[in-house]
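Shared between the two complexes below is chain A, which has chain B as its partner in the first and chain C in the second.
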Partner chain A sequence: MSTAWHMDDELAADYARGRTGPTLAASVEAHLLACAACRGKLAPEVPRARLDRVWDEITAAVDAPRPTSFERLLRVLGVPEHTARLLAVTSSLKPAWIAAGAVALLFAALASGETSRFGTLVFLAVAPILPVAGVVLAYGRGADPAHEIAFAAPYSVVRLTLLRAAAVLGVCVALALVIGLAVLGDGGLMAVWLLPALALTTLTLALAGWLDPLMSGGAVAALWFAGFAAVAVYEVRPVLFGSVGQLASLAVFAVSAFVIFIRRREFS
Partner chain B sequence: MNDYAGWSDPDLLEAVADGDRRAFETLYGRHAPWLVVRLSRRCADPGVVDEAVQDTFVAVWRTARAWRGKGQVAAWIWGIGIRRLLDQLRGRPLALVRAGEEIVVSAEEQVLLGIEYGELGTALNRLSPELRAVVQATVLDGLTTREAGKLLGIPAGTVKTRMMRAKAQLREVLA
Partner chain C sequence: MNDTVVVDDVSKSFGRSRALSGLSFTARKGVTGLLGPNGAGKTTLMRLLATVLAADSGRVRLLGWNPVYDRLEIRRRLGYLPQEPAYQRGFTVFEFVDYVAILKEMVDRRARHDEVRRVIGEVGLADVSGKKIRTLSGGMRRRVGIAQALLGDPELVLLDEPTAGLDPEQRLRFRALISRIGENRTVLLSTHQTEDVAALCERAVVLKDGRCVFAGTPEELRGVARGRVWQSPRRAGVLSWRTGEGDFRNIGSPPADATLVPPTVEDGYLLLLDGDKVEAAV
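Right after this comes the complex of A and B.
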């Protein structure tokens, strides 16, 4: 009910500038909630520019996509905003992909519990290739929803690729370590595949300079399984994961990293 | 934009709930100024007030559907606004709050409208600034005891006891 009582322009100005006494201010405030005309009288008291500035902030906030929980987690961990966004759109860092990888590893690890010899082999064969698959899916035309944007953005492709590869590698290694330790409980077994995994991932990235990521990943995986099958007949652990294998892995990693560095300009 | 000028607040809010950006802009044009003015009387820092107003309208945009259609849209917006201001003040020095300057009274709006010239206005003016600040925060601003305590920088228990004292004094004057 708007009574006969209304603000005049003078009162509106007094109220806006804090010149009204407490009781009068209270009257005004109670009245304002019920009277659109008197609310309108306060409009000239606020500079247009200030309202426009706040409005711009509001539209920006309203239009911004809400960050995913993963992105918010990264921000909490101190990752810069743009890096967090880049990592968040990486498909192989999506929960579904990580879950799939975890299941694959889990089965491999469970299998090794059944028959100590072949089961361990399965785990050792799968664990190093998981990061490769992750990296392949982390970028490339088909897999990356932001591929076109990333392609056109004034942002180093090598940096983007390595950033994502590092993140994927980190996730995969953590996954494999946890599952390996929990199911297999073999510390030594856990350590031996880390270097091969790093070597295979880097090799994939290096080859991606010439091939489609999917192709290079496939080639590396095929190579790995072929080599695995060739030596598994004898003793796979001493050969592929022994000192010879570790040294070979290190060499592959070094050469691949060097190739990536040399060809960093053509990388795309 | 002019098409919206004749719309009532509830109509605008309904359109906002459906994602109508121009209705939202109209609503902002109508309610932002007085909200800025009123919040400025609770907090002297314009930057903090602007942040609170911004948060308020972002919340209005996201929760327009939650408005039940009861009461004044302005009152609903004020309820969001004063709480966003509290959020902004959390962790900041409470010296920013200029509470204790204003006041009020019984929850009835009608009473409030005529307060200035009545006995109640006189009675309120006799309250100490501390007591008036509590009455203002709980009755006029519509805050809970806990929120009022946060706004004024005093414990919730103190808000309760001051409110009781304020009521007792008002009763005495008005009796």
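Right after this comes the complex of A and C.
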């Protein structure tokens, strides 16, 4: 780094206005680091507007939140930046919860891999409830410590709830598909629980208009396990997953979605 | 009529517990202090004004809007700091305020970040905007809460006990900050610190058992106790405590050897809360 030379007025003015080439600019910058006299000469030459703009860009780059890998994935999938940020702070989309969900499903899938009737039942009982648990975690009082501030904000609570629920559902389905296909390779078994899962998740959200999400999720899970146990006594693949069960799931989904729509104000 | 907050005969119950009981008062631009003991209904009232709760009965108008029908319009003009706000673990100051900015419908990233920087600067936290909130002191966390409440330059700011638990120096800083905020907005400040009201507020509203027992200026609140505060060497009256000078400050009937002293806002407030006892003793 040389201090044997110094900038003259012309060079200072050219550099300040960005008129020097990259090689000369690099040389000037190396010199400026070591030479207070030239820094003093340069300072008045730099246009105030340019300095402010550069400084704004620096502070913006320093302050701006670093997107998480999940957020970056959402951006790649076309989700707008602000929506990706809202989803990225959802508890049940954090790596720890996703890992826990994956482990639960993996065990269910491994149990199901056993040719025993019990294994299949465990998988079919657990899989549809996983998104319900995720939704409860995604939008309960415990999930968002700043929920009171969020309630008083103009952002639609219904929209926020549905966004988070959809993201949780998407993550759970993707997990289940990957694990199921990798461990079981049974496409039929993987598909039958999707509609019940959607129905139970929507029912949880609909009940959340009256109850705390934890209570509504708990009530739905209890209802599901009770119904499942009642029919599983007689059948290997319970009627809940047959054509009648799928139609019933569709009906529950439709009614729940309608309830959410007409009671959307109550969510706030 | 320049009342920006109108609360008219409002009641709110939680089960059998009545939090607000026919409450009425008005507020306008500037800082209005809501005083009251614990359980008087201050937080219920703040949550109601923040549109987080709905009243069971009565009429509320905020900035000319009805919260029953125009909740969204109000929320777009509202800044709210709840009592004991909690923050997401692991969020930096900037990240948290940015998160709330998104909830306040600030979609454009650059404009939103500019606004986040502005409010963080306004509460004096620019130097720690990249720090995790959990590493900050209690006073700094309160300032984070105020920063988010200032997003979007709201017309109505609700601050629920922002000075509770702060040391005297932090409270002084808060007073300066809140006073500045109240210069061009309606600020409702819930507190049980009469010193805050005396130092900051143009108007004071005193709540007791869910009702408004006083609404006026701090000077008028002080006037409630005028001619009823005495200093004497002996304890007397219904409300009586020893001062730093060794004498007793008494509110109520004048004891022997007593000297009438000028009342404070706190004397007026105490008289309103325990007025029945004082009247009975006179």
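By our rule, the second predicted complex is superposed on the first by the 227 of 268 C-alpha atoms of A that agree within 3 Å, B and C clash if a C-alpha of one lies under 4 Å from a C-alpha of the other, contacts with A are read in each partner's own complex, and residues count from 1 in each chain.
To be clear about the criterion, a contact is a pair of C-beta atoms (placed from the backbone, for glycine too) under 8 Å apart; a residue touches a chain by one contact, two chains touch by 3 or more.
None of these values were measured; they are calculated from a predicted model.
> Just chain B (first), just chain C (second), both, or neither: which does A:V122 touch?
Neither chain B nor chain C is touched by A:V122.
> Touching A:A36, do we find chain B (first), chain C (second), both, or neither?
The answer is first: A:A36 touches chain B but not chain C.
> Just to be sure I read the superposition right, which of the two partners does A:V62 touch: chain B = first, chain C = second, or both, or neither?
Both chain B and chain C are touched by A:V62.
> Of chain B and chain C, which one contacts the greater number of residues in chain A?
Of chain B and chain C, B contacts more residues of chain A.
> Using the touch definition from the top, say if A:M215 reaches chain B (first), chain C (second), both or neither.
neither
> Can A:Y15 be said to touch chain B (first), chain C (second), both, or neither?
In the superposition, A:Y15 touches chain B alone.
> Which parts of chain A are in contact with chain B and also with chain C?
62
> Applying the document's contact rule, which stretches of chain A touch chain B when the two form their complex?
It comes out as residues 1, 3, 5, 15-16, 18, 21-27, 29-34, 36, 39-40, 42-43, 45-46, 50-51, 53-55, 57-58, 61-62.
> Which residues, counting only chain C, touch chain A once they are in their complex?
47, 50-52, 71-72, 75-76, 78, 80, 82, 85-89, 91-92, 94-96, 98-100, 102-107, 109-110, 112-113, 116-117, 129-130, 148
> Would you mind writing out the residues of chain A in touch with chain C in their complex?
That would be residues 59-60, 62-65, 80-82, 85-86, 89, 144-146, 148-155, 160, 265, 268 of chain A.
> Under the definition above, what is the set of chain B residues touching chain A in their complex?
Against chain A, chain B makes touches at 9, 25, 28-34, 36-38, 40-41, 46, 50, 53-54, 57-58, 61-62, 72, 74-75, 78, 101-105, 109-110, 112-116, 121, 124-125, 132, 136, 140.
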